[in-house]
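The following pair of complexes shares a single chain, chain A, combined with chain B in the former and chain C in the latter.
This part shows the complex of A and B:
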C-alpha cells in the first residue's frame, strides 16, 4: 500500500528538521503513540495503540530507524511495528522543500500490513492509513506552530 | 471463535439502558449484533460489558405523523423493507433495503445499529443523508435531534456522545414531484458495495430541479454529499446532458475514494460516474411522473 502527499508546515526546513528529530514531536505526528524514546542516533522505539470505531484499541510495539539522512532536505523512515492484531512495516520517504515562509513536507510511504488486521480489515486499510496520516500531519502542524511561535 | 468474557445487561426500558450506559463507560450497546458480535468473536472488539437493547419494546416500530416517518432504532431492516408506509412515503429507503447484506442479516440487523456503526460502505447512512433525515439521540440528560449530515463525522465516527443512544430516525415523507433512486455495485450480491449512490430530486414549475441531493457511499470516510454535482443540476432541467455533466463532476470533484484490493481509486471514480448518471436519470423520470 502506497500513501503519498504534500503538506504545508510552518517554519524554515532547518527548524522543521530539528523538531522532526525530536521524539516528542515525532510522537505527535503518529496518532495513538503512547511512548516514544530515542534509543540511538537514528533510532526510536515506543508503543502505539490504534483503535478504529468498534475495534478495541490494540497496542503495537514500534521501532523507527532513519536512513539516507540528508539534513535538512530528506530522510527515509523505516517503520517496523507489531502487536496482537498483526504488523505494519515499510519505508516512508520524507522530503522538506522550502517555500515562502514555510516548508512543504512531501511524503511517500510504502507500507505492508499483515496479520489479523489485514485479513479482516483489508477494505479499510487505505482509509484508515490516510486518516491517520492526515490527523498526524494536522497535529504536527499545530505542534510546529506552537513551538516556532 | 468465541468472544472474550463480557458482562451482560439486558434492560427492558430505555431509562434503564441509559442508566447502565451512564454508569459503565466501557459498555457497548448491542442492537442487532451483525457487526459487533463478529468483531467480538474475532477478538477485535473486547467491550467489558454489553447493554442488550433487544428487550426494549419502545425502541422498535414505525409511526407516521405530520409528514414525517419515525423509525425506532431497534426496528429490523426486514421490517423497514416490508413496510407499506415506507414503500409509499419513503421509497428511496425501500429501494435501498434489499441491497443491505443478505435476508438473514436483515432479519436481525437494525436501522439504529447500522447508523450508529457508521460503516463507510453501509447503505443507510448515505440514504439518510440523501433524505435529509434527522437522528434522534438520547442520554440520561435528555433528547436531542441532529441532521444526518452532521451525525456522520468520520470513519466509524458519529456525533454520539459517550453513554448516548440513537433512539430513532425521522425521514420526511415523499414530497410531490419528487423522484428517488438508489443504486450500488458490488462484485457479489450482499458484499460491501464498491460504490453506491442515493438520489432525491424535486422538480418545480418549468421542469427545473428545485432540490437535488446526491449521497455517495464507499468513497470516503463516511457518506459523501456530492456538492458540486448537486450544484450543477440546481435550477436546471435534468436533461441527459445536464445529468452527464453532474455525474462527471461527482466522479472528478466530489470524492477522494480509497484504493484497495477490491477496487482502485480510478475504478471507483468510474463507478461513481456511471451509477450517478443512472440514478439521476431514474430519479428525474420518477419526479416527472413516470412509473417507477
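This part shows the complex of A and C:
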C-alpha cells in the first residue's frame, strides 16, 4: 500500500524538523499512539491502537527507526509494528521543502500490511490510513502553530 | 429384481433429522471434562521461524497445555503423500507435505505455530496473545509465473526450485496436425483461486479411553477409514483401537478429503497425552487459510481446426499453483489436462503442465477439482474457432462429438486414477439436441435476442458441453444385515456430507430385500461399523459404494431365499420376497417375515451342522476397473447491463447423463447445488492475495458467495447411458453442476455484448467485466 502527499506547514524546515524529532510530537502526529519513547539516537519504540472496520482498537507494538537522515531536509522512517491483529511495516520517506514562509512536507509511505487487519479490513485500509495521516498532519500543524505563535 | 425404489424420486430420509436439528455434527459432541483448542497461526506468508516462546501462555489460568513444534518430539513429521504421482514417463514430482506445526520456516499465512489447550475456547484464544514469536519475514512467492523466475525466494530450499511437478502427455502428433490446419486459434487463459466455502468448517474431537485403551475421533473428514489407519500408525496403536466417526457433515466439496491436516493429527495426540477429551472447531477466518483451496492456473493453449470446423489437434501448456505443499500429488492438474479433451474427437493432443510452489495455502481438489479449467479452455477455444470460421457455436460442437457407436473411446492418455482415459458410454449429440431444444437456442438467436436488442436490452446465450470423469476406484464395501426386528442394517465406509446416502443407498438395498426404504437403517462414516474403504470423493459414492451395497444386498437376498426355501419346503423359484416377507408365489398371506427368518438364522443348540454360517448378513466390495465418464450440456441465457456490467442469469438449462439414476430428486439437487457453486466460481468468488502472500478478503464480507437471488432454478433434462463398468449402470453426479458453468457464462456474456469483449479469465467478476468493457471502449453508451 502506497500513501503519498504534500502538506503545508508553518515555519522554516529547521523548526519543523526539530518538532518531527520530538517523540511527544511524533506521538501526536500518529493518531492512536499510546506511548512513544526515544530508545536510541534514531530509534523510537511504543504502542498504538488502531480501529479498522470490524477490528476495533487493535493494539500494536511499534518500532520506528530513522535512516538517511539529512537534517533539515529529509529522512526515511522504517516502521515495524506487530500485534495480535497482524502487522504493518515499511518505509516512509519524508522531505521538507522550504517555500515562502513555510515548509512543504512531502511524504511517501510504502507499507505492507498483514494478518487480520489485511484479511478483514482491506476495504478500509486505504481510507483509514489516509484519515490517520490527515489527522496527524493537522495535529502537527496545530503544534507548530502553537510553538511558533 | 423388483424395482420399487431404484429410480424413484423419493424424498430424502435423512432430512427429517437434518431439518429438525437432531442430526449430530462434530460440534455437537460435548464430553465431560472436554478441553478446547486454539491455534496460533502465522501472519506472515513466508518467514524464518527463530523462536516460539509459550511460557507466558502456559502460566495463564485455565490453560492446560501449549505445544510448539519442539514439544512434539518424534511426533513431529511431515504428513503422508496422499496421492503419489501416476507412472507417466518423463514426469517430475517434488513431494513436500504439510507439517503439524511450523518448525524452522513458515510457508503460507495461517500455517500453525503453536497449539493452546485450555478449559474453554475463550481462554485458549486469549492465551494465543501470550505466546512470543520471533518470525523473520522473507520475501514471498505468489505469482504463478514469478515462481519460476531465476533468483526468486524458494518455498522449499531442498529442491533448489519452486517447481513442484512437470508432466507432459501426448496423443498423436500435434505438430503435423497444426501444419495441416486451416486455422489455429491461440489464447492465454487465467483461472484464479477460490474457496470451497462449505457451510460447516472443519472440526475434530478426540477422546482417549484409558481403561478400554481406545481412541475415538469425531472428524469432519470425507475419509474416516484412511484417517483411522493413519492415526493408528502415527500414535502407535492398533487399527482396532482407533474409531473414527465422520458424522453428519455440512458440506465437503473436496477440502475434507485432504487428510492429516495439522489439527487432525494434533488433537487426538493431545487427547491421549492429557487424558481428557479435546475439541477443536475451525472458525471461518481460520478456514480461509487452514483449509485447502483450489484453482489458480494459467493456460497457453491453441486449437488447430480444419475449414469445416473439425478439430485437428490441441496444444496446451499450463502452470498450476499447488500452494505451499503438494500432499495431494497431481490430481488437480491431471484432471485439467484430461478433462480438456471433453466429449470431442481430438486426434492430436500435446499437453504439458508445470506445477509450482507458492507461499499460499495448499491447493487440493475442490468440487470439479481442476476439471472446470480444462473445460473452460476447450470450450472457449471452440467459441473463438467458430467465430473465426463463421460457424455457429452449437454446430462446431456437433461436428466434433464422439459418436454413440465409438465407445469405449480411448483418449490415449492417463487419468488421475492411473488408468487409461477411456470413456465407457454416452450419447453426446442427444444431450446437445435436448439442451438446444430446451433453451430454445435457434429461436433465441434469430428472434428473442434481436428483439431485445431493439429495446436496448443485451441478452446472450451460452451452450457448452463437458465430460466429468467420475466413480474412480480403488474400492468401497458394504455390509447388509437383516435383524430380528425386521430392520435391514446397511453399513458402509464412505462418509456423508449431505449427498443423500441415507436414501440412495437404502433404495439400492430395499429393492433387493423386498422391504421399504424406511426399513433400511444406513450407517456411514463410522469405522467401527465398517472398516474397509477409501472415502467420499471424485463423484464416486453412488457408483462405487452403491455397487458394493448392491452386491451385499444380493447375497443377503440369496441367503434369505435359501433359508426360507428350507423352512417352507419350497424351491427358491416358488418364493417371492416382498413387503418384508417371503411367501409362496401367488399367496402373499402365507410365508414368513424377514425378522422371523433372521431369528431362525441364528441357530440354537442342535440346529447346527458343520459349515453353518449364522445370520442373514453379507459383506461385499466393489472396485471398478476404471473411472467412468458422465457428461452433459449446460446452456444459459444472461442479460448484461453494459453500463454497470451487472449480469443477470435469466435461464439455466442442464442436460445431464449420469447413467442410471437411483433417485432423480437427489441427482437434481446435486446439479442445482453444483450450478450454484459454478456460478460462484464464474462471477463472484476470488481469493485475492497480495504480493506478500496476504489474503485480502478473508471473510464473507469481502469474499462474495452467490446467494439464492443469484442462482436460478435449473431446468433439467436427462440422457441415460448406463455405465458398463458397474452392475447398477450408474455414473457420478456430484461435481457436474460446477464444471462447465464458467465456460457457459463466458460465452453467454460475450454473446450478450455482441462479442465486444473477449473473456479468457475466470472468475469474471462484475468489476472485472466493467474494466474489460471500459478497455474495449465499446458496448457502452
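Here is the rule we use: the second predicted complex is superposed on the first by the 145 of 149 C-alpha atoms of A that agree within 3 Å, B and C clash if a C-alpha of one lies under 4 Å from a C-alpha of the other, contacts with A are read in each partner's own complex, and residues count from 1 in each chain.
Everything below uses one rule, namely that a contact is a pair of C-beta atoms (placed from the backbone, for glycine too) under 8 Å apart; a residue touches a chain by one contact, two chains touch by 3 or more.
Computed from a predicted model, the values in this text were never measured in an experiment.
Once the two complexes are laid over each other on the shared chain, residue contacts for A:112 go to chain C alone; chain B is not touched.
In the superposed pair of complexes, A:16 makes contact with neither chain B nor chain C.
Of the two partner chains placed by superposition, only chain C is touched by A:87; chain B is not. In the superposition on chain A, contact of A:55 is made with chain B only, not with chain C.
Once chain A of one complex is fitted onto chain A of the other, the partner contacts of A:122 extend to both chain B and chain C. When both complexes are overlaid on chain A, the residue A:140 reaches neither chain B nor chain C. For the contact definition in use here, the residues of chain A common to its chain B contact set and its chain C contact set are 54, 116, 120, 122-123. Chain A meets chain B in the complex at residues 52-56, 85, 116, 120, 122-128, 130-131. Those residues of chain B whose C-beta lies close enough to touch chain A in the complex are 28, 35-36, 39, 42, 44-47, 117-121, 154-157, 192, 220-221, 258-262.
Taken in their complex, chain A has these residues touching chain C: 54, 82, 84, 86-87, 89, 112-116, 118-120, 122-123.
Remark: chain C residues 43-45, 109, 128-129, 137, 285, 288, 688, 690, 692, 694-699, 701-702 touch chain A in the complex.
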